[in-house]
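Next come two complexes built around subunit A: one with subunit B, the other with subunit C.
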Partner chain A sequence: MSQPSVRLIEGVRPSDETVSFMFEGEKLTGWKGEAIASAVMRAGLRTLRRTRIGDEPRGYYCGMGLCWECAVHVEGQGVVRSCSEPVREGLVISFADGRWDK
Partner chain B sequence: MSAYPDSERRLPSRAYDVAVIGGGIFGLFCALTLADAGKSVVVIDRGPVWSEASAVNAGSLGVQNKLPALVPYTLWSWEIWETLAERLGADIGLRRDGGYKIAMTEAEAERLDAVSMQQKALGLDVRRLTQADLRRTAPWISSDCVAATYSPQDGYANPTLVGPALRRAVERSGVEILDDTAVEEIRSGDRLGVVTRRGEIQASKIAITSGAWSGRLAAMVGVRLPISLDVNMVSVTESARPTIENIVTHARGILTLKQVANGSCLIGGGWQGIGTLENQRKEVSYDQLVHNLRLALRVIPGLERLNVVRSWAGYEGVTPDSLPYLGLLPGHRNIYCAACARGGFTLGPLMGQLLGELISHGETSKPIDIFNPGRFAHVAA
Partner chain C sequence: MSRPVVIIGAGPAGLSCAWELASAGREVVLIDDNGMAGGQYFRQLPETYQVSRDARLLRDKARFDELAKVLTLPGVRYLSSTVVWGAPGNKTVAYAGPTSSGRIEASAIVIATGAQEKSLPFPGWTLPGIISAGGCLNLAKAHGMVPTGRVVVAGNGPLVLVAAATLIAAGAEVVGVVEAQSDIRLASAAVSGLFAAPGVLRTGIGYRARIMAARAGFRTGWMVAGARGKDRLTAVGIAPVGADGRPRRDKQQWIEADALVVGYGLLPGTETARLFGCRTEHNPALNGLVPWRDDTLRTSEEGIYAIGDGAGIGGVEVALLEGRIAAHSIMGTRAPASLASRYRRLDGYRRKLNLAYRMPQPLLAATDDTIICRCEELTLGRLLADPGRGRNSLNAVKTSSRLGMGRCQGRNCLHVASSLLGLATDDLTTHPRARPPLKPLAVGLLAADKDAGSAMEPDEITLSE
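And then the complex of A and B:
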């Protein structure tokens, strides 16, 4: 089954200012104020974390902070929901891997 | 509109040997036992089966957190749990890695000692640990913990895996399951029957396995079955690296904690949410939840870094002496009940099986006198 790719709605753009950040070792660019999940998906990446049982990919699901499927780890900050956390310059982001420390 | 396409249809006119009202863990094990004994069985549920206490509890199969009178029954029920995955042909998330029961004050430590001595005398493998032992074997438990006992017999299973697997086994054994079929009336006497919103079901015998709702069903046939309602809360954290290897319970019964296969920690302990059977609410009380989570942090400080992903609440029916009801309803010869064990998920397989034995053979493989549903019939309301 083919999955829909991320498409921008014409004319919608949160900011003209761009920021760069790292996601799983890759350097990505997002718009200032954009959600982490949005910026990562615009870069063509859909996997935001992997499950502990079966090592399955997980990503953006409810999009409103309820389901926690999109959890990622932000260095120095801990685990956040990427659908509702703004991307910022210099963030170092990785799959949420359940560390007991920050 | 119902979630079950069939559930708007009128029921075919059919007579069964036994109608089981309530498709939780008691009812499904009762149905399975009856079907194995060659009886024709229907399970009737007001909602989808396996959607209340059996489904929303935290899955603990604790032996140390049971009343002394229930310890032998807990061990017998564990015999069923031990082979259940194989019997159902499914993964049910069963683990028996042992558990710690902890005390945070001297008073709790005294209680822990008294109860564990009793449990030991009843055949439970339970050991008192020194603080040094505890630091060595469970460094993730706070050093503020003043005393602990350990039993290798504590464990847990995953209720969301058990339910569907058990349902499939029950259906394979020839039992008919009617979801979304609320019972409106029970006809007692010579022409026994269950009147539901979809029509009437004839049965030679009736089993009430309706948990917290059992009192209402017993009242339909003139029996007083006192049951009070707890609205227990459970919380689950985000997935974390496997660290907590055992279940943790508390000397005063106010905390249960485990880290399950997907890395999440489940936190319970009977802290009370909001709701009644009448208003059909079961909601989280954040005022209470705060205390539940604070206690969890005091016991396992490492939890502080983890996000709580969800909290929920579910009903649990509680009898006046916290022992289950199991047996014939007083004044009846073909209406039975099994419901409301403190620790019903642990005890459910045995309780359901014993009720099935009683209905099909007139006797049980374990004594059930202390569970007589008539024991409060003459106590003033």
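And then the complex of A and C:
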């Protein structure tokens, strides 16, 4: 894991309550109410999905629900936009399009 | 029971329209596909977050709280996380959401769906670490975050300065600001007044002065030409804008960066208006394709109104005023004279501003192996070779290549594809139509439609006329 790609703005206080969830096999922690993409980027991961054909990394891009570059698969729920979907305790999340080569 | 007014979009325009109607006792249904009201401009942090008074977070919270009180007024039904996906005819709206799915027959429909950002595909633009200007503002406003490391901001239009000023104020390390328009005698004050929260305004001017003084940091007449990195961005290539609207790669320079914020302008989002059969026209002063409107803000269709950025880029102040004006048109009442004159002034101003930023040539930075359609992974080279191109029709290219047929439904690529492929942009009959469902929907939500029936496609509406 590398350095977080985002950091909290001074003076912003997230919830004290945390939740843990799985992202691509890694156990991560988020704040209650935090968007999945925010928690993943804080953990130092930039890639939110990999493309079907070229297996290229994609990340948070439009931040407003338009581009679907942040699409992730949530077990039992389907594909959601991680820029707006909040983390919840116990979520099992993986890349939206899977890996066709594996 | 009388039919309600249905407002699509709970951003500044939709909320302000709902206020005016509901406070006069009219019934309103406000439908928004976001989980929280406010649109992009009034994005708020999750309710579980707190903010200290001296937080370096620029947002217009007090005004939003005031405006959002409309959601609790009697007579206002607010459907959040709900998509308007079809127009089954006769001023009827088909909607689907987590709490209910169905049809509403409206006395009037107000389309207030806002803007989207213009894409500028360039080599490497899909790398993680490259985010849109709106995405950057939302990162701060909705998530309380800024990118770490060295940040470059590049684009064309008021959002460049707004994004840069917001980042600086929030403590990010901005190492370069790159604006494509070289001739910007832009009234920063007024710019920020239309597009940014109070506070960004002063910061914007101060910041601009500072980067001007530092020289190296702020370039006008330059654009992004490429990005380097393997799994993440590591460097941004910038170059002067050539007379043909392309970067002069012979003069390209590389800036080491961890994040790149790109904002090449805003476009009115017109899918909903087109779905409802509203006539559209190109208007450069309003930043592109817009629904045709008369003085009352009514579209070509009886009882259907279009307001805010989705009807022409103008920012938050214009949107708030248009919401009130449309409400008066719907009620058949006269808008107060002060409202009308303020609107005339701002409307004139935003048109001048949009034209001032307009580039003589559309900017093009893609090379043959640049991805154009992010969802279907189609490169420019692949699209240039597409047989559909020979028919000079974007729709033909779409059908044969799958351009614009992925999850974003063409919102990222279709508006730039015409100029990249050298196709006629003015002939709208060659463009893909807005079709139901307007956005990807879970089948379960559609299946829950309690008033199910057929939803015509826009071209069927024309055929049956």
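Here is the rule we use: the second predicted complex is superposed on the first by the 93 of 102 C-alpha atoms of A that agree within 3 Å, B and C clash if a C-alpha of one lies under 4 Å from a C-alpha of the other, contacts with A are read in each partner's own complex, and residues count from 1 in each chain.
Going forward, a contact is a pair of C-beta atoms (placed from the backbone, for glycine too) under 8 Å apart; a residue touches a chain by one contact, two chains touch by 3 or more.
Every value quoted in this text rests on a predicted model; they were computed, and no experiment measured them.
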Which of subunit B and subunit C A:35 touches, first, second, both or neither: second
Which of subunit B and subunit C A:17 touches, first, second, both or neither: second
First (subunit B), second (subunit C), both or neither touched by A:86: second
Which superposed partner A:65 touches (first subunit B, second subunit C, both, neither): second
Contact residues of subunit A, present in both the subunit B and the subunit C interface: 51-53, 68, 71, 78-79
Touching residues (chain side subunit B, partner subunit A) in the complex: 238-243, 261-263, 302, 305-307, 309-310
Complex contact set, residues of subunit A against subunit B: 51-53, 68, 71, 78-79, 96-102
Contacting residues of subunit C [partner subunit A, same complex]: 33-35, 40, 45-57, 116-117, 126-132, 134-140, 142-149, 170-171, 231-232, 258-259, 374-375, 377, 406-408, 411-412, 440, 442
Contact set on subunit A toward subunit C in their complex: 2-15, 17, 31-35, 37-38, 41-42, 46-48, 51-54, 56-69, 71, 78-79, 83-84, 86
